[in-house]
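Take a look at the structures listed below.
Shared chain: subunit A. Partners: subunit B in the first complex, subunit C in the second.
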Partner chain A sequence: MINKIKVFFTLLLLMVSLAGAPLNTAAQSNETYAIRNARIVTVTGAVIEKGTVVIAKGKIAAVGANVSVPSKARVIDATGLSVYPGLIDSGTTLGLEEIGSVAGGQDTAEIGDNNANLQVIVAVNPSSSHLPVARVNGITTALTAPQGGLIAGQSALINLAGWTWKEMALKTPVAMHINFPTGDGAGGRGGFDFGPIANPRSLVEIRREQDKQIDKLKTILNEAKIYGEAKDAKAQDSTLPKLDVDLKKEALLPVVRGQMPVVIEVQMARDIKKALEFADEMKLKIIISGGVEAYKVADLLKAKNIPVIIGPVLRFPANEDDAYDAPFTNASQLMKAGVKIAFQTSDSANSRNLPYHAGMAAAFGLSKEDALKALTIYPAEIWGVADKIGSIEVGKVANLIITDGDPLEIITQIKHLFINGHQVPLTSRHTELYEKYKARP
Partner chain B sequence: MANFSLSLVRRITTRRPWRFAALFLALTALALAFLHTPTAQLDSPYAYAIKDAQIIVSAGKIIRKGTVVIRNGFITDVGENIKIPADARIIEGAGTFVYAGFIDGYTNLGIPAAPPQTPGSASGGNRQAAIAAAQAQPDATHGDPSEAAAEQIKPGGASVEEERSVGVTTALTSSKQGIFAGQSALINLAGDEAAKLVVRAPVSLTVQFSTGRFFGGGYPGSLMGTVAFIRQTFYDAIHYRDEVERYNKTKRGVPRPESDKKLAALQPALRGEMPVFFIANSDNDIRRALQIADEFKLKPIIGGALYGYRLAATLKAKNIPVVLSVDFPQRPSDWPEDEEEPLRVLRARAETPKGAALLAQAGVKFAFTSGSLRPADFLNNIRRAVENGLSKDDALKALTSNAAELFGVGEQLGTIETGKIANLVVLSDELWARDATVKHLFIDGNPIELKKEPPTPPRTGKPGQGAQGTKDAAAEINALGEWELVVKSPQGDMAVKLLLQKDGNNFSGALHTPLGDAALRDISISGGQVRAIASINIDGQAIEATLSGTIAGNSMHGTILLPQIGAFDFTGSKPK
Partner chain C sequence: MKKVDAIISIALALLLSFATSAQSLPHTATQVTPKSNAAILKQPLAASAAPPTNAPAAKELLITNATILTASHGTIKNGSILVRDGKIAAVGANLKATDANAVVIDATGKFITPGIIDCHSHTAVEGAINEGSLSVTSMVRIQDVLDPYAVNVYRELAGGLVTCNILHGSANSIGGQNAVVKLKKGKPVEEWFIQDAMPGIKFALGENPKRSNNLGANVTQRRYPATRMGVEETIREAFIKAKDYMREWQEYEAKKANDPQAIAPRRDLQLDALVEILQGKRYVHSHCYREDEILMLLELGDEVGFHVQTLQHVLEGYKVAKEIAAHQTGGSTFADWWAYKLEAYDAIPYNAALMTQRGVITSINSDSDEHARRLYLEAAKTMKYGGLTEEQALRQVTLNPAIQLGIDKRTGSIEVGKDADFAIFSAHPFSVYTMVEMTIIEGEVYFDRKQDLERRVALKKEKEELMKKEREMRQKGHMPTGRPAQPQPLPGAIDEELLDHGHIKPETQEVRNDQ
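Moving on to the complex of A and B:
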C-alpha cells in the first residue's frame, strides 16, 4: 500500500513537473558554484578586480568582492582570470542548418512570400555540431532566425546548451523577421544574384519591383489588421459570423498591434530609409538588421530610436568605391550618433567568430566597453531579456564565461563556461578532431 | 564566234582594205566589252565627274576646289583643273566635301546570324536533346577557322543600307560564332552578288575569347579554358604542318596525315601571312592576345581595344595595329538621378573617348570599328574622339587609309587617287560637323541611292504624353496575344511560344519553351517594345531570362538574354 502511494506520488510529481514547468527550469542546474578570486566584468556595474560569483539553481546568487562561499558550493579558483557574461549573437541560423550541401540539414527557409506563422524554435536541432563550436568561444546565447520569403517568420533566443529545443529556448517568439525587398531578386528572396553586371534588369525596373513588393507587404499587414478587428468584433458580439482561424494573420496580430518587434533585414541606406517610411506607415516597432550602410542614416535612426543589429562586420564594403573599413567603422559611427547596436554573425558554423566581429569594430573606433556591451547587455535590452541575461547581476540566468583575457581578442582562451548554471565542457567537434589527429601516429 | 570573225575578216580584207580597218576597230571595242562582263565595271557604264567640290584627297592633302572623275569603277582623274570628259555625268559639287569612302574595321555585316540547324535540337523539344546537341556540335563554341566570311555573305539588307547611309562604303566582316570565328572578308557595301562585294578575302582570322555555356554547352566553359583551347589548337596546327611536311618528304613508309581543313586553315596565320584578329577590349584580354601571338609568332591585330590606350606603349613597341571600337560606355538612359555609379564606371566613361588620341600619340596605327553602335553614332563617336584630343588627320586616316593598309588594300582604297576604286562620299559639310549629311555616295563607281532620312532612334517619351499615349495604346493592343518565336541558338533554332495578356491594368504572360514553361513578370509594353522577365530552369538552376522585342505589325524580333550564358536573337510572328 505504502509502495502504491509512493508510486502514485512519484507519478503525480512527474506529471506536474512535465506539465507545469516553465520553459527553462528543466535546464537549470541544481549545482552550486563559487567562482573565486576572479576579475569580474559585470558590464552594467563597475569591474570588480577581485571577487566572487556564486551560482545557485541556475541563477547568479551573489556577486561581489566580499561574498561568502556557500559550504556545498563547488569552488573554481579563477586567480588571474576574468568573468564575463556570456556573449549573445544577435543573428544566426544556429540549430537550423548543419552542412550547407546536405539538403536534409537545411531548415532555415520556407517557400512563399508570407511565412509569418513559422516559429524557428520548433526546428532547432539541439544536437547541432555548431552549437558547441560557438559556445566554446564564449557565445552562450543566440538569436536564431528564419531566412526565406518577404516575411520569414518568428525568431527565437536560444541558449547554446540543452537536450531539447524547449530547454534551449530563452525567449520565443522574439521578433517577426522581414526581408526588406530590394527588387533585384537577391536579398533573401531565394533568387539567384548574378551581380550588378550580369543582372539584365535596369535599375528603374528593380525599383519598380521593390515598390511592388513593399505594397505586397503592406497588403499582408493590412489584412492582418482587418482580421484582428474582425476578431475583436466577434469577441464583443457573438452573433457575428464565425471567423476561421488564419495562422498567418494570427501570427501578424502582435506585429500590427506594435507588441512584437519586427526585424527588418536591409542593407543599403536608400533601402533603410524606405524601410523606415514603411514602418512609420504601418506603425511597426522595428529593429534594423544588417545595415551595412546604416552609418549613412545614423541621425535618422537615432531620431526614430531604432536599434541596429550590425553584422557581419568582417565583410567587404557594400560598394566598390567605399572605404575599405566602411563595414568596420559602421558600429562606432552609429554609436556616436546614439543608436543602440548589437552584433550578429548571420551564420551558424561561424557564429564562433562573433567576438572578432565586435573586436574589429573596437579596433576601428568603437570603445572596448561598448563593443562588449553590444555583445551582452545591449542585445539583451533589444530582445527584451535584460532582466535575464546580458550582465553579471544577482538574479540573472547564470550564463557566464571565464577567460584569461579580453574575449574580443583572438588569443584569449575561454577557461570555463556556464549556461543556465551548468558548467558546460569546453569540447566541440573542433577539439575532437584536434585530439583525434594529434593522436595519429 | 571566233571562227566566224576570222572568215569575215578574210573575206573583207581581200576586197576593201579600208573597210577592214573600221571593222577591226568595232570588233576590238566589242571584244573589250565582253572581256569586262564578269567584273564590276559593267555595272557602271557611265563616267561621273564631281565638280567644284572640296576634295579631301587624303589626310592633310586637300584640294579646295577641284574635280574627281570616275569611270568604270575607278577614279580616273582628280585635281583642280581637270578636263571633264564629254560623256561624264556632272555632279555639281560646289559647297560639298568629297572623302574617300569610310571603312568600318570590324562588323558582321551580311553574315547570316544562325549556323546550319542540327536536326533534333529544334524539334526534339527536351532539354536532354538540347544538351546532347550542344555537345555533338562543338563548333558553336570552338568555331571553325576554315569558315570564310566571303562564302557566307548575303548581299543587301537593312543594316548594310543603314551603314552606308552615313558614308561607310567598305567594311571588314566576319562570322561571330565561336572562338575561331573564321576568316574575315573586306567587302564593299553595295551590289547584288556576294562575289562582287568582296574587295579582299580572306583578310584575317578572327579569334575571340568567348566561352560556351549554352545549356551546359561543352568545353571550354571558362576563360582559362578558352586560352588553353586557343593554344592547343595552334599547337595542333603546328603538329599537322609537321606531319604533312614529313609525309611530303618521305612519302614511303609514313602514314599519311588525315586531311583536316580546320588545322589547314590555320597555316597562313602560323606562317605570319594572315593576320590574326583578336577581339579584345579589356587591357587583360589584350595581354592574353599578345601572349598567344608571341608564343606562335602570329601577326596580331587587336580588335575592339576599348581599353587599349592603357597598353598604348606596349602596342607601339610591338608595332601591333588596332581596330579601335568607338562604342564608348554610356550612362544607361534610364539610370535614376539619385543612384550613384562606381568610380570605375565613371572613369571608363570619361577615359575611353580619349583612348584614340592616346593611341595616336603613342604612334599606334589604328582603324575604327563601330562595334554594336548604330552607324549614325559610329561617326558621332569618332567626332567625340576628335573632341577628346584626336587630330582630325589621324581620325580620317583611321577611317580610310589606315584601314585600307591594314587590310592589305592600301593600293586600291583609302584615298582619292587615280586608279583607286571609286568609293567616294560627298558630304554637305566637313566630316567633323555633327550635322554633316551624305549628299552622294559612290561604291565601285556606282552612285548609291541613299535612304531619304537616316532613321532617328526612337526617343523614349515620358509616360503619359498625349500623342505618345495613344500610339502606345495601339502598339499595346497589337502586342497582346499569342506569338510564335524562333530563337536562334548556336545549337539550332528553338520554337518558343510567347503569350501576352492584359488583366485590368496589369500585364501577364507566359513563355512555352522546349525546356519548360515559365510565367512572365515585369512585363512592359510601350512604343512597339516588349520587355519581360521569365525564370527558366536550366540544369536545376533558376535563370532569369530577359526577353526584349520590337514589334512591327504582325512580326517581332529581339533578343533573349540569359545572364552568364549569352544573348540569343529571335524572330517571330503572330499565327494567322
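Moving on to the complex of A and C:
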C-alpha cells in the first residue's frame, strides 16, 4: 500500500512538473545555459554544423544556427565539440545493486513467481556509485527493471542524477516485466532454473515445463481480468458482495486492459514465437527484451509491430553452431526487416559501455545513424517519452552530452554533461580514486 | 631369492633414473616435442568446425599496402609485410616476394596489428579449471586438459586473438601450472604450445582462495586458509618445504658423485614446481585484487626468494604501482570490469594507465572467452581512461603480454625475425566500427571472414537438405540409422525445432570466470 502511495505521489509530481506549473522542483535547474559554436546532432533533424543550444528551466529552450543568447546565460564555448542528446540504456539494474557478491546491496530480484505489484523506483539508491560511473560516459537515462520471478514487477525510467529517486524518475511505472519461460534450455534471465547441469533435462521435459509455466502466467493474467470485471461490476452495483483488495491483481489490471506495456525477457527464436502467441491470446501490448535470436523471427516481429530491446550485444551466440557474429548482426537484420530497436546493457556497473554495444552492431551492418537513434529517439519512442527525451528539440528535457567526437567511439571524451538542465560534474568514484592515487608521491 | 633381488635392483635403478631425471625438469610444459615452423607450415589443416583456410603451399606470404601498427616502432602507412617460413622476413614499402608461388594478400585500406595476446585466459580447458581440493596444487597442469575442439577458440580467432596464457583457476593460494599456446585450431594440441615460453604457475590471493564467496550452502567445504593472513602463511609454508626439498636434492647431487650408494630423496611433484620457481625456471602469475595483498606477495617473494612475474587482475595495482615497478613485476588487468565483488569495488579503468605511467609493464586481459574476442577494443579504453598513447594502448594486448610471458623475442610486435602472427582489421583497431577480417598465425590463415561468410551459405544449404531428407524419412516411418538416441518427439506433428536444435545444447549467457 505504501508503494502505491509513493507511486501515486511520483506520478502526481511528474504530472505537475510536466504541466509546467511549479518549476522550482529540485529536479530541474533554474540556471540558464548557452552552448555556443557547437556541432549539434539533433538526431531527429539535420545536423547543425555550428550552432547554439539554450537551456532554461531544465528544458531545451532554443536550438539553431542563429539563436540569440539570453543575457543571464552561462556560456559554454563548444568550438570543436559536438552536442548529442543523452544516451538511454533500455535495460539495466542501475540503482538496485552495488557490489555483486554483497547480498545487502542486492535489490534486483524479489522472491516468488508473481511480483506484479513491485515498483522498482522505490528501491533505486540515488547514492549508488554506479550512477555517476554510467553518466560520465554519456548515459543520462536508463530503464531500471526488476528481475525476479515469472512476473518480475514494474520498471522505471530514471535520469542518472538527482537528490532522491523522485527527482530521478522520468517515468514510472514504465512497463510490467515478464521473464518468459524458455523451452530451449537457454536464454531467459532469472525466470526459473532447470536444475543443475549434472542432471540435464531433455528438451521434451524442458518444453513440458515451459508449457506449464506459460499456463501459470495465463492463469495469473486471467484471474486479474476476472478481478477487474468483478471490480467494475461492484462499481456499477454496490449491492454485490465486498471484493477484497488484491495488490497483485490490481497491479495487473492496466496490463490485461492493454494500457501498460509488457516487457518480455526472452532470447531464443522458438521462445519468441511462443511469447508472441501468448501475447496475442492474452491481448497484451508487448516489447521483446534480450532477443538474441530475434533476427530469426524478424519478419514475424515486423508483422506484429513488436519492438525489440537488443542486448547485451557483446555476448556469445546462443548456439554452438551459430555464426560467431550472430549477436552483432542481430540489430542490423531486425532493422532491415523494419523492426523498431533499442539497445540495453543488461548491466549496472558497466552500463557505461552502452555505446559500444551499439557500436559493435554498427560494425556489423547497422548504420551509424540507426545505432545512435537506437540509443536516443527509438528508446524514447518505445518507452513513450519521445515528447521528453531522445533528441535535441525545443521543449524537451535538457539531457545533453557535449563530446569531442562520436559518442559511440571508445576514445571519445565527454566534456560536459547536462541532466534535467543541471550541469553535472564529470566525476565519479573512479575519477576520484584516479585523482587521489595519481597524486601519490 | 635371487629373482626378488633382481627385481628390487631393477626397481631401484628405475627409481634412481626417474629421480635423476627430475633434475632436468621433465614435468614442465617444455617437454612437448619441438617442431620446426617449416614442418608446421607444410601440414594441411585437419578437418574441423573452422572454415577451410588458405593453408599456403608457398613458403612466402606477402601482405601489401596496409597501415601497419607495429606495436614496437610506430605505424607504417602503405606498408607491406613479407613472411617466409612463418617468420617476418621484411617490413616496409614496396616489398616483393622472391618466391613466384607466394601467397599475396592485398590489404589496401586495412589495418594490421600483431596477433592479439591474452595474458589471462581459461579457454579450451576441458572441465573445471580449479583443482579445488587443496590450497597448494602446484602439481596439476593445464596442458593436460586442453580441448582443441572448443568452439570458443574459433570465435576468439575471429577477434584477432592468437596467443593465450591459459591459467589454472584461482581457488587455491598456489594453483596449477599454466600453458602458453597459440590458437592453432585444426592442429593437434601438441602443436599449440609455444616451445620456448617460460613455464608458469597460478597463485591466488584474497577472496577466492579464502573462499569467502560462492560457497553458498556448501559451508562444509571451508578450508584453511580463510583469511588473507592464512593465504600468506600457506604460501610461505609451501616455499619453506620446497627449500628443504631443494636442499635435500642438492646434497644428494653433491654426494652421489663419490657415493654410489647415496639414496635420492623421494620425488614430490608438488614441490618440484615450487623449486623451479625458486630457481627462476617457472614464472609466478598471481591473481590478486587489493593493495595489501599485492604488497604482501611482493614482500613474501623477497623474503622467501621468488620473483612474481605478473600480478593478474591487480585491480588496485594503481595504489601500489611504485612498489610493483620496483619489483620489476608486470600487471595484467581488466579494462573496466568492477564492483562484482567487494575486492573489486576500488577497481578503476585508469588502472592500466596509472601502472604504465609508474613504470609497470602492463597488459589488458580477458579472463573471459567472450571478452577475448574484442581485446583490441578493451585496449582502446586505456587511451580514454588515463591517456595512454595509441602505441602504449596497443602494447597492452600485444608486446606487453609477450614480455610478461617471456615470448617477446618471437611475438608481440611486427618486427623482422618474429613469428608472422597478425590480425587484419577493416578499420583502425581502436574504432568501435572495426572488424577483424583475417587472423594469421606463423604465416597461416586461421580466420578469414570472407571464407566464413561463404561457408555460412554452404552450411545453410547443406543443413536444409539434410533436414529435408530426414523429414522425408520420418514421414515414411523410419528413422535414419546411425543417429544418436533422441528424445521422443512431442505428440503431434514433426517438431521442426527438434530437428533444428536437438543436436546441440544451446549455451547460456557468458559469465566471466574471475578464476
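FYI, the second predicted complex is superposed on the first by the 399 of 441 C-alpha atoms of A that agree within 3 Å, B and C clash if a C-alpha of one lies under 4 Å from a C-alpha of the other, contacts with A are read in each partner's own complex, and residues count from 1 in each chain.
Definition applied: contacts are C-beta pairs under 8 Å (C-beta built on N, C-alpha and C of every residue); 3 or more make two chains touch, one makes a residue touch a chain.
Bear in mind that the values here come from a model prediction, so they are computed numbers and not experimental data.
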Quick check for you: in the superposed arrangement, does A:319 touch first (subunit B), second (subunit C), both or neither?
both
Quick check on the superposed pair: does A:433 touch subunit B, subunit C, both, or neither? Answer first, second, both or neither.
second
For A:204, decide between first (touching subunit B), second (touching subunit C), both and neither.
both
In the overlaid three-chain picture, which partner chain does A:100 touch, first (subunit B) or second (subunit C), both, or neither?
second
Looking at A:130, would you say it contacts subunit B, subunit C, both, or neither? Reply first, second, both or neither.
second
Does subunit B (first) or subunit C (second) touch A:368, or do both, or does neither?
second
After lining up the shared chain so the two structures overlap, which partner does A:270 touch, if you call subunit B first and subunit C second: first, second, both or neither?
both
Which chain, subunit B or subunit C, is in touch with more residues of subunit A?
C
Shared subunit A surface residues [contacts with subunit B and with subunit C]:
185, 200, 202-205, 207, 270, 319-321
Subunit C contact footprint on subunit A (complex, rising order):
98-102, 129-130, 184-187, 189, 200, 202-205, 207, 268, 270, 314-321, 323-325, 348-350, 352-353, 355-356, 359-360, 362-364, 368, 408-413, 429-430, 433-434, 437-438, 440
Going by the contact rule set out above, which residues of subunit B touch subunit A in the complex?
332, 334-336, 338-340, 342-344, 522, 524, 533, 541-544, 546, 561, 563-564
Which positions of subunit A touch subunit B when the two form their complex?
185, 191-192, 194, 198-205, 207-209, 270, 319-321
Under the stated contact criterion, what part of subunit C meets subunit A in this complex?
151-152, 154-155, 158, 207, 213-214, 318-319, 321-322, 336-342, 344-346, 348-350, 354, 369-370, 373-374, 377, 380-381, 383-386, 430-435, 452, 456, 487-488, 490, 497-498, 501-502, 504-510
